[in-house]
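Each of the two complexes below includes chain A, the first together with chain B, the second together with chain C.
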Partner chain A sequence: MRYLRLYLHFLRFSFSRAMEFRLDFFFKIIMDCMFYVVNLGFYKILFLTTPMLAGWSEDQTMVFVSSYLLVDALHMTVFASNMWMIPFSINRGDLDSYLTRPVSTLFFVSLRDFAANSFINLLMAIGIFAYTLMNLKAPYTTGQLLFYVGCILNGWLLHYVLQMIFIIPVFWTQSSRGFSDFFFSMGVAIERPDLVYRGVLRWLLTLVLPFALIVSFPARLFFGPETPHLFLHLVFVTLAAWGFMLWFWKKGLRAYSSASS
Partner chain B sequence: MIEVTGLSKTFKVSTKEPGLMGSLRGLVKRKYITKAALQNVSLKVQQGEMVGLIGANGAGKTTLVKILAGIIHPTEGQVSVLGHNPWDRNDQLRRQMALIMGQKAQLWYDLPALDSYMLLKEIYQIPDALYKQQIEFLSDVLQIKDQLKVQVRKLSLGERMKVELMGALLHRPNVVYLDEPTIGLDLMAQKAVRKFLKDYQREFKPIILLTSHYMEDIKELCPRVVLIKSGGLIYDGALTTIQKQFGERKKLVLTFEEKLTALPEFPAELGLLEMSENKLSLTTSRALLNSAMDVLLKKFQPQDVTIQDPPIEEVIEDFLQKGRA
Partner chain C sequence: MSWPARVVSTELRKILAYRSDFWVNFLGQTIIQLFIARALWQSIFESNGQTEIGGFTLSQMTLYYLLAPLTIKILMGENIGFFSREIYDGGLNRYLVWPLPPIGYKLLTYLTYSAFYTAQLALLYTFARFFLDDRPYELSEFLRLIAGLGYILVAAIGYFCMMCLCELVAFWADNTWSLGVMLRFVAGFLGGTFLPLSFYPETLREIIQYLPFAAFISGPVNLILGRSTPMEALQSFVVMLVWLPILGLAVRALWKKGNLQYTGVGM
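Coming up: the complex of A and B.
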């Protein structure tokens, strides 16, 4: 409850601040609209030439696409601006004041800034997601839908965990540019059905750097038919990734050298 | 109580030869040097004490404060702050301490201080009654009642420091680390901050560890000082003792009725003689003072003679240069 109350303060602060910068507020909305149009358009064009993609029909693929747009919007709204700042906070010694507060430092640095100007886009992404679900031809129960939404939210948190794993090395390297670029390059894998990947790459994307588990696995579980092992795989890898990130973060804090005053 | 035993901290710093070739060499094989920021430091601070940490830039003062605040880990040594190991970062200790860094803002820049205080109330779980009491007391003493509803970025530097101080002390900490709290402030603001710290210390008796480059801060606030040089502790004791025991130089001033026209001859080995208007000033060592005075008084008949101790800034500077233990 205490952390919820703290987060409500962050929300209030972030909205107050966002309203002050009107141009930035509207520009961000336009940018994200373009991102949605390009992504949806890409798959619409693709389905002009083929009826199926990695075993999915057009309406299923659109649910998949709208799901990763939703994950992206959630990430941009809740985590992205904070994560952008973490390497700077580490290098400039701004982490000092967080470390002396009786509250989780990871909570503070990950959630302090809520991107209020992305919130409108989040509402749009939810709208697109709902629309593609309504257009899904195969029937599904409310239970299946809730399970799917739960898996997508898990994917969103897994995305955060993976990005953190690529940010934490800055405690030792001082610059995380190369790691961040690598993360964003690999992040493209979120936007493709995992079945398009084969061999080592598939192993990499489903186990070591499990980008394919963010949206593609939940979509496969939703569309079925899938065996329980896919769900167990999702749970096991998610827990392992969380565990590794928390361990790595603690190691990073131990190596933190602050900055000269 | 704060107890520090055999504390050392080393940093590994990479080095690079100048130029493009140096950069290329660094890319293939990087060279590192080990820098000792703190070396075998031991000290004890009792509850209610206000201690000044003094040292040149890079001496290790801030490193010591950061270790005590649990921000960085030491390489060696033991630290206990109110019975806790600070770098365990447990909330019980963190609720009882505050760190104020004059060069770093900790409040939300785009919001009024009162908004940030609401968040701090939640972070430190300050009861409503204490929160109201602290807001009332601190804003009154710091005289910033009217500034609390103004965005922090629109406040002057002095006002900003005051709202930062207020934010850091809202939860009434038992240990306060102050790193350059008056840096960049004008004389009036420095004075106000000093007066506030003095009053606060008298009222609530926290441990206060203060680092400052302004000797005025140290002189006014800290009966006890800790001198750090190249990471090592070279003095721990009363400020007045340094001045008495280690104020090697003395200043002898002879005042005359008439204005002086020329600097008289004087043996250079007895000190440096200077002239201004109707005064002769001699800077000499404590040991040579009597001989120098004999020579001068045989030559002149001044209207007044005074012997002054050198300013504390000079004594500390000498002390730090010599690194005397």
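Coming up: the complex of A and C.
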């Protein structure tokens, strides 16, 4: 309850701050719209060359695309601006003030800033998601849809965990970015159906750095028919990634030496 | 040592200061992305049962996806925020006492990054070419690579101007990094970083061949890969040359107008 109340305060501050910088607010909305157009355009053009992609038809692929746009919008709204600042907080020693507060430091640094502009984009992403679902030719039940949305929400949290795993090394590397650029480069792995990956790359993206589990596994579970082992894989890897991230964060905090860490 | 040489040497030291970051990011941004692009296209080639799509074999497509992302990385030079940060915090004041022209100094720092990434591209491409392409390596291919690298460096000046146009909006707006990101999306999409432009619908191609993005990215990539005729490469180069003064003049006008807005104590 205490954390929920704190988060509502974060929301209020974030919205009032966003309204102070209106032009920036507007620019960011357009920026995210462009991201959506580019991604939808990419797959639209790709389907001019092929009728199927990794066993998915165009309407199925568009549901997959709109799902990762949804995950991105959720991430941008809730976590992204906070995560951008974490390496700087560690590097400059600003983490001190968070460590002394009577709440979880991870909670505070991950959720403090709510991106009001991205919230508008989140509504758009939900609209695109609903539109692609309406155009999906294969039938599905409400239960299947709810299960899919649940898996997407799981993918969103997994996305956060993976980004944290790439940020935490900043405790040791002493740079202001950590391995964030590497994470953003890997982001493209989320945007491709996992069945295109084979061999070592498949092992890497479904087990070690499970980017393929964020949206592609949920989409495969939704489109079916898939065996339960796919769902178990998703659950097991998500839990393992969470556990590893929490352990890694604690290790990082122990290595933290305040200013100029 | 002259000031340009000092600036270049300082920037090179900065690039190499965080080596672990540098190598991890470099490998991530190139090798992993390349493998992902190849996996996608391999799946398309196999599901269609074709050995050639849109004039590309799988090996040529792989080389394309090595070159195109590296080209945009070269064009982007130094990262977002190189001017806007100084406008916000009043750091632009230093150019009143520095014996350097501000835009010239920024261009040089930007191009140092570009030149460094160009060397990376040359090495990686040569390495990958021998692995992926069975054809014997000819002198003309080497000459195309040299010409293409020169082309990219000139294009980097054009992209610098476009970045400046985004950054200088900071004289009026509170935050402009989103404009830089927008530019990257548009340049990537219309320049052929995500997909070769030959896959785009005819009407769209007709339009984008006259925009700077295709000339900045697809032009040199197709030249290096030998996918454009000398006439097409020249046409693309001319389009770029036409855009350079237009963008340069726009930067100059915005800089002059922005300076009148600047308060010198942070915006």
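Structure notes:
Rule of thumb we're sticking to: the second predicted complex is superposed on the first by the 256 of 261 C-alpha atoms of A that agree within 3 Å, B and C clash if a C-alpha of one lies under 4 Å from a C-alpha of the other, contacts with A are read in each partner's own complex, and residues count from 1 in each chain.
Heads up, the rule we're going with is that a residue touches a chain if its C-beta (ideal position, glycine included) is under 8 Å from a C-beta of that chain, and two chains touch if they have at least 3 such contacts.
In this text, all values refer to a predicted model and were calculated from it rather than measured experimentally.
When both complexes are overlaid on chain A, the residue A:A54 reaches chain C alone and has no touch with chain B. Contact comparison for chain A: of chain B and chain C, C touches the greater number of residues. By the touch criterion stated above, A:M134 is placed in contact with neither chain B nor chain C.
Within the superposed three-chain model, A:R17 lies in touch with chain B and out of touch with chain C [touch as defined at top]. Contacts of A:F27 after superposition on the shared chain: chain C is touched, whereas chain B is not.
Of the two partner chains placed around the shared chain by superposition, neither chain B nor chain C is touched by A:M1.
Of the two partner chains, chain B is the only one that A:V103 touches; chain C does not reach it. Common to the chain B and chain C contact sets on chain A is no residue at all.
Of all residues in chain B, those touching chain A in their complex are 11, 58, 62, 66, 69-73, 89, 91-92, 94-95, 97-99, 101, 103-104, 106, 108, 110-111, 115, 118-119, 122-125, 179-180. Residues 18, 20-21, 24-25, 27-29, 32-33, 35-36, 39-40, 42-44, 47-48, 53-54, 172-176, 178-179, 181-182, 185-186, 188-189, 194-195, 199-201 of chain C are the ones that touch chain A when the two sit in their complex. Across the interface of their complex, chain B is touched by residues 2, 5-6, 9-10, 12-13, 16-17, 20, 93-97, 99-103, 254, 256-258, 260-261 of chain A. On the chain A side of its complex with chain C, the touching residues are 21, 23-24, 27-28, 30-31, 34-35, 38, 41-42, 45-46, 48-50, 52-55, 173-175, 177-179, 181-183, 185-186, 188-189, 192, 195-198, 201.
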